[in-house]
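Across the two complexes that follow, subunit A remains constant while its partner is subunit B and subsequently subunit C.
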Partner chain A sequence: MPSGALLFQSVILGLLLGGLYALLAAGLTLYFGIMRVVMIAHSAFLILAAYLAWWSHTELGVDPLLSMVVTVPLFFAAGVLLQRLLLARLRPVTLTMMSVLLTFAIAVVIEGLLGYVFSGTQRRIQLGYGSASLELFGARIAVVKLIAFGLAAVALLSLYLVMKKTAFGWALRATIQHRDAARLVGIDTDRVAGFGFGLGLATAAIGGTALSLDTTIYPSLHWHWIGPLMAIIVVGGLGSVPGAAAAAMVLGLAQSLLQIELGTTWAQTVFYIALFLTLAVRPQGFFGGRLAQRF
Partner chain B sequence: MPSVSERLVTPGRAAGGVALVAFAAVALAYPSIAPNPYLLSVGIVVLNYAVLSTSWNFVGGFTGYISLGHGALAGLGAYGTGLLVTKGGLPSFGALVVAALLVAALAVPIGYAALRVRGASFVIVSIALVLVTLLVFQSWASFTGGSRGLNVPRPFPGMLRPEHHRVFFYLFLALLAVALLVWWLIDRSRFGLGLKAIREDEDKAEALGTPTFAYKLVVFVVSAFFTGLAGGLYALWFGDLDPIFQFSILTGSYMVLMALLGGVRNLFGPLVGALVVGVALEYFKVEFGNTPLHLVATGVLLALVVLFMPDGVLPALGSLLRRLDRTTDSSIREVTAAELAAQRIGGEQHAQSRNG
Partner chain C sequence: MTIRTTKRTRWATAVGATLALALGACGGDEPEQASTDDPIVVGISLPLTGDFSEPGKGVQRGYEAWAKITNDKGGLLGRQIELKVLDDQSNADRVVADYEQLIGSDQVDIVVGPFSTRLVVPAARVAEEYGMLFVEPAGAAAEVFQQGFKNLFYAAPAVASDHYNHLAEYLLALPAGQKPTTVAYAAMDDPFAQGTAYGLKAKLEAGGVRTVVDEVYPPNTTDFSSIAAKIATSKADMVVGGSQYQDGVNLIVALQQLNYQPKLAAFSTAPTSPEFAAAIGNKTEGILSPTGYTQDAPYESNKEFVEKYTAQFGSPPEEDEANAYTTGQVVAAAITAVGCAEQGDCQKKLVDWVRANKVETVVGPLSWDETGKPQGAHMIQQWVGGEIKIVLPADAKETDVVYPKPAW
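After this line comes the complex of A and B, so read on.
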């Protein structure tokens, strides 16, 4: 039996990790809601943002957090273009399947280009405050993990406020709920869908920067993220943001606790086990509404 | 003049038949005409791709469910065969069949979880399958050899390398023929009709009494069986397995790319795609070595096919042939103005003669 302090530390780390998962899963949920698209390239963009943060730190010497000034607008624009120029061209009948292949292709291209430009070497940001940590009831929490969690929490909160309090958020939610009806009341759904994609990809930029603070990155890392993220959105119920957030917290916590006994590699399987069990027992997920029933 | 529907040998079919006979002749003669063992081994790799993407097409082509995880099924077939030979002491080809049956059995619970809901979840499960098998086979080193890999003893110990290639070339060719035959049989059966109904409109198919879930599950298991056989045969031929390559998401995406490029609704679509992509992949490997650029090339090609040619080259060729050959069916009757005038005059005379 692990000691109380170790257990407590794992719980804290699990919650911090769960926050990052929740932010990234929110992006995936957004795409799925808008277009019924499973965006495989989400985590590839995540790693791309992490590489850009690493690059701006080592080459330009600025704090990796500052890279977000560039990457967030850049990724927003990329998301809008991705939706308007590529995904909107696919046939509606086969959209779900073909969009998976298209975003998969994008993910592979990003991985290949990252490998070509930055080589396959593992990279890590060396920060002045990288090794600093806080003591809290006997648990040691790295400051960078707190920063990463803070970023994710702020981003999630802003996303929530945009969705609930702004006219654009209302238009976006209307588009998600009923595209035809939204068009009838005068919403330019194509435009809104494009901006929604931009918003989703902007979360990947923030998440990637947070990730780069305390993680060793390499081009094929995105496969280790897309699996857990997809498991989270299925367990939460496809299309449900609160569901995704709750599932992210629960599974992040479970992963962190299982790491004590099983080690990092085997602890990852908890996502896949949860995915299979959810689909076998309750395919619409644990928070999913009408949308998830059919996908 | 015989009507169009009575003409059994349309130019499209004739061209297809000629192409098939030509392919079979070249394939059978290839081991004799291949100038060196390397090119023969390339032929085996391409045939392996052809078997894999034809197996994939049991699910992808009939039901329209796209799996990115068939690479994992092939890897399980390969490792199953290897482990049954090395740890179980089974004879090579016995192990191959047992491993493929085990993969098919494993496909039942996987399919049960993946196929109960529609498309998106299926894709997610298929990708998760690759990631989880890679994780397990890398971490469980005491059983699978882990990242050090697994050596599979050759089935014919005394055989020289060129002869070994030759035998396996024909084995892969035979497996391809069987897979194509089974696909063709399902295509013509009532079962196949039900599967295609699922592809076109799953709700309507279900409303009309097609047992959609059972059909999807059965065809997924059949697909897994052939994929497992292909993977196992590869293990016996190649003799050296590494989890990174066996449980690679790329293998699955190659299968999809090949089948889509050729045309998923055609019996020979995946074969054509495998010939094009397989040869291109090998050429790329020789020219550019193992750079990450082959990822970029694969991704760009896949995106282009998805965006501009989702039906594949075979249907595109077919419509081109039809356009060149004016005599075959088209929705607009092609009659010259003179013929039309003659018909009209004849009709008018007929009417006049009746009236008068």
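After this line comes the complex of A and C, so read on.
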């Protein structure tokens, strides 16, 4: 039986990890909601953003957080272009399947370019506050992990407010819920879908920066991330942003706690077991999201 | 070129007179026997491309430095050394073909080993078949010495599981009150990295030191916070990392984030890297690491090696280069002592000599057991006052071990 201190520490680490998963999964589920697109390249963009943060810190000497000033708009624009120029051309009948192939290709291209430019060497940002931590009831919270969690929380909250409180958000949700009806009431669904895609990719820019603060990055790391993220959005209910966030917190916490008994290798399986169980018992997901039935 | 023509002539004579005549004409009137102006040809297959190309090139530089330094002093037995290097593309099938070619058709006088366990084992099998002495600069894993090779010698101070021997001895000799009582181990799932940590674990457990955490992580692990949490909450007196480079750095940072302050922290490989201090934000105080080679080692031939190598290549040698150089030193010592360097009976004499003798090298005096396993242990270095210094064994130390270590 693990000690109370270890359990408490693991809960904290799990919540911090879950926050990051939540942000990343939110973007991924958004693409599916808007367009029925399975975006395999989401985590490749995540690693790309992490590399840009690392590069700007190492080469330009600026704090990695500042790199977001450039990467967030850049990724938003890239998302809009990606949707308008590539994904919108896929035939609606085979869109979901073809989007897997297309975004798989994009992921491989990004990985290849990262390897070409930065080599396969593992990189890590060296921050002055990299090993600093705060104490909370005997447990320790690393400052960098707290910053990453804060970024994720702020980004998710902003996403929520955009979706709920702005005209664009209403149009986006209308497009997600019923594309034809949205068009009938005068929403330019193509434009909205493009912006929605940009929004999803912008979360990858923030997530990548958060990730770069405290882990090692290497070009093929995105394969390590896409599996858990896909599992999270299915468990959360495809297309549901709050569902993805909730599933991310639960699974992040579960992974962290299972590591105590099972070790790092086996704890990763929690995502896939949750995926199997969801598909077997409740294919539409546990937190809303009616879209999965049509998948 | 001339040597190869001569050798080929000799080989051809055995095969057929016609061919021998044709080649003999090309070879001119050179003597059939190896004479004093014939170079000693040393055959090597190295991974110059593919997975191991980086260390492979390091090993090549080490061999080149050895040939140049030896030749500048007049060579061996009055003969110059000539290297014949083939590229095996990091491929185990290729390495077999390479050594077949070097020994069988190129008729080199001596062969030395390639890089990495994966390539050393098949290469050694070929050398064994031809009865050639096989000194090798890499291949520290246990399996190398379980193949029953009779001609193989590993030219480094110790195999992975013996790297920490000096530290184990030091710790077990401490008085009861000071001796660490609990240890946490975390090792990469890799025969070399894990071998170092588990070698120390076996010795400390035998000496009554309790293991409280024993974690093995896959090589692609990037998040060490949960492993660190286990180690930190165990409050072990000592932490041992069976690490390569990046995982060691990540684990140390994760432990520091949790404010874990052990009495002693030992990690393989990572702490001896030039980028290490910057990578962990200079919080290096007291970290220990075994090292197979350091430019500061006080052994006599090492000063010459560092100086001349630096002049030749522009930067000081690292461990791969030093291991290759050591291999050269072992072969040279045997050739000088036995007085011959050619295929045939001479090889058996060389093998017997290496087996029975101790050789002074850039990594200290080396001797071997009957499987070719070196009998030494690695030096232990420690970060003291922002610099990494040799602390064990006592006869090579630059400063004393700092124990318990200061906070990091």
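Couple of notes before you dig in:
In this text, the second predicted complex is superposed on the first by the 293 of 295 C-alpha atoms of A that agree within 3 Å, B and C clash if a C-alpha of one lies under 4 Å from a C-alpha of the other, contacts with A are read in each partner's own complex, and residues count from 1 in each chain.
Basically, contacts are C-beta pairs under 8 Å (C-beta built on N, C-alpha and C of every residue); 3 or more make two chains touch, one makes a residue touch a chain.
Since we're looking at a predicted model, the values are computed, not measured.
Superposition model on subunit A: subunit B and subunit C are shown accommodated side by side without a clash.
By the touch criterion defined above, A:9 reaches subunit C but does not reach subunit B.
Considering which of subunit B and subunit C touches more of subunit A, the answer is B.
In the superposition on chain A, A:153 contacts neither subunit B nor subunit C. When the shared chain is aligned, subunit C comes close enough to touch A:216, but subunit B does not. By the touch criterion stated above, A:32 is placed in contact with subunit B alone, subunit C being left untouched.
In the overlay built on the shared chain, the residue A:122 is in contact with subunit C alone; subunit B does not reach it.
In the superposed model, A:174 lies in contact with neither subunit B nor subunit C.
Once the two complexes are laid over each other on the shared chain, residue contacts for A:265 go to subunit B and to subunit C alike. Looking at the shared chain after the overlay, A:276 reaches subunit B, while subunit C stays out of its contact range. After overlaying the two complexes on the shared chain, residue contacts for A:254 are found with neither subunit B nor subunit C.
Remark: least CA distance from subunit B to subunit C after fitting both complexes onto chain A is 6 Å. Touched by subunit B in one complex and by subunit C in the other are residues 224, 265 of subunit A. Touching subunit C in their complex are the following residues of subunit A: 3, 5-6, 9-10, 13, 17, 122, 124, 126-128, 130-133, 135, 140, 142, 144-145, 215-217, 221, 224, 256, 259-260, 263-265, 267.
Subunit A meets subunit B in the complex at residues 32, 36, 38, 40, 86, 89-91, 94, 96-98, 100-102, 104-109, 111-116, 120, 219, 223-224, 226-227, 230-231, 234, 238, 265-266, 268-269, 271-272, 275-276, 279-280, 283-284, 293-295.
Listing the residues of subunit B that touch subunit A in their complex gives 64-66, 68, 109-110, 112-114, 116-121, 123-125, 127-128, 131-132, 135-136, 138-139, 249-250, 253, 256, 260, 291-300, 302-303, 306-307, 310. Residues of subunit C touching subunit A in their complex: 189, 215-218, 220-223, 225-227, 229-230, 232-233, 245-246, 249-250, 253-254, 256-259, 278-281, 283.
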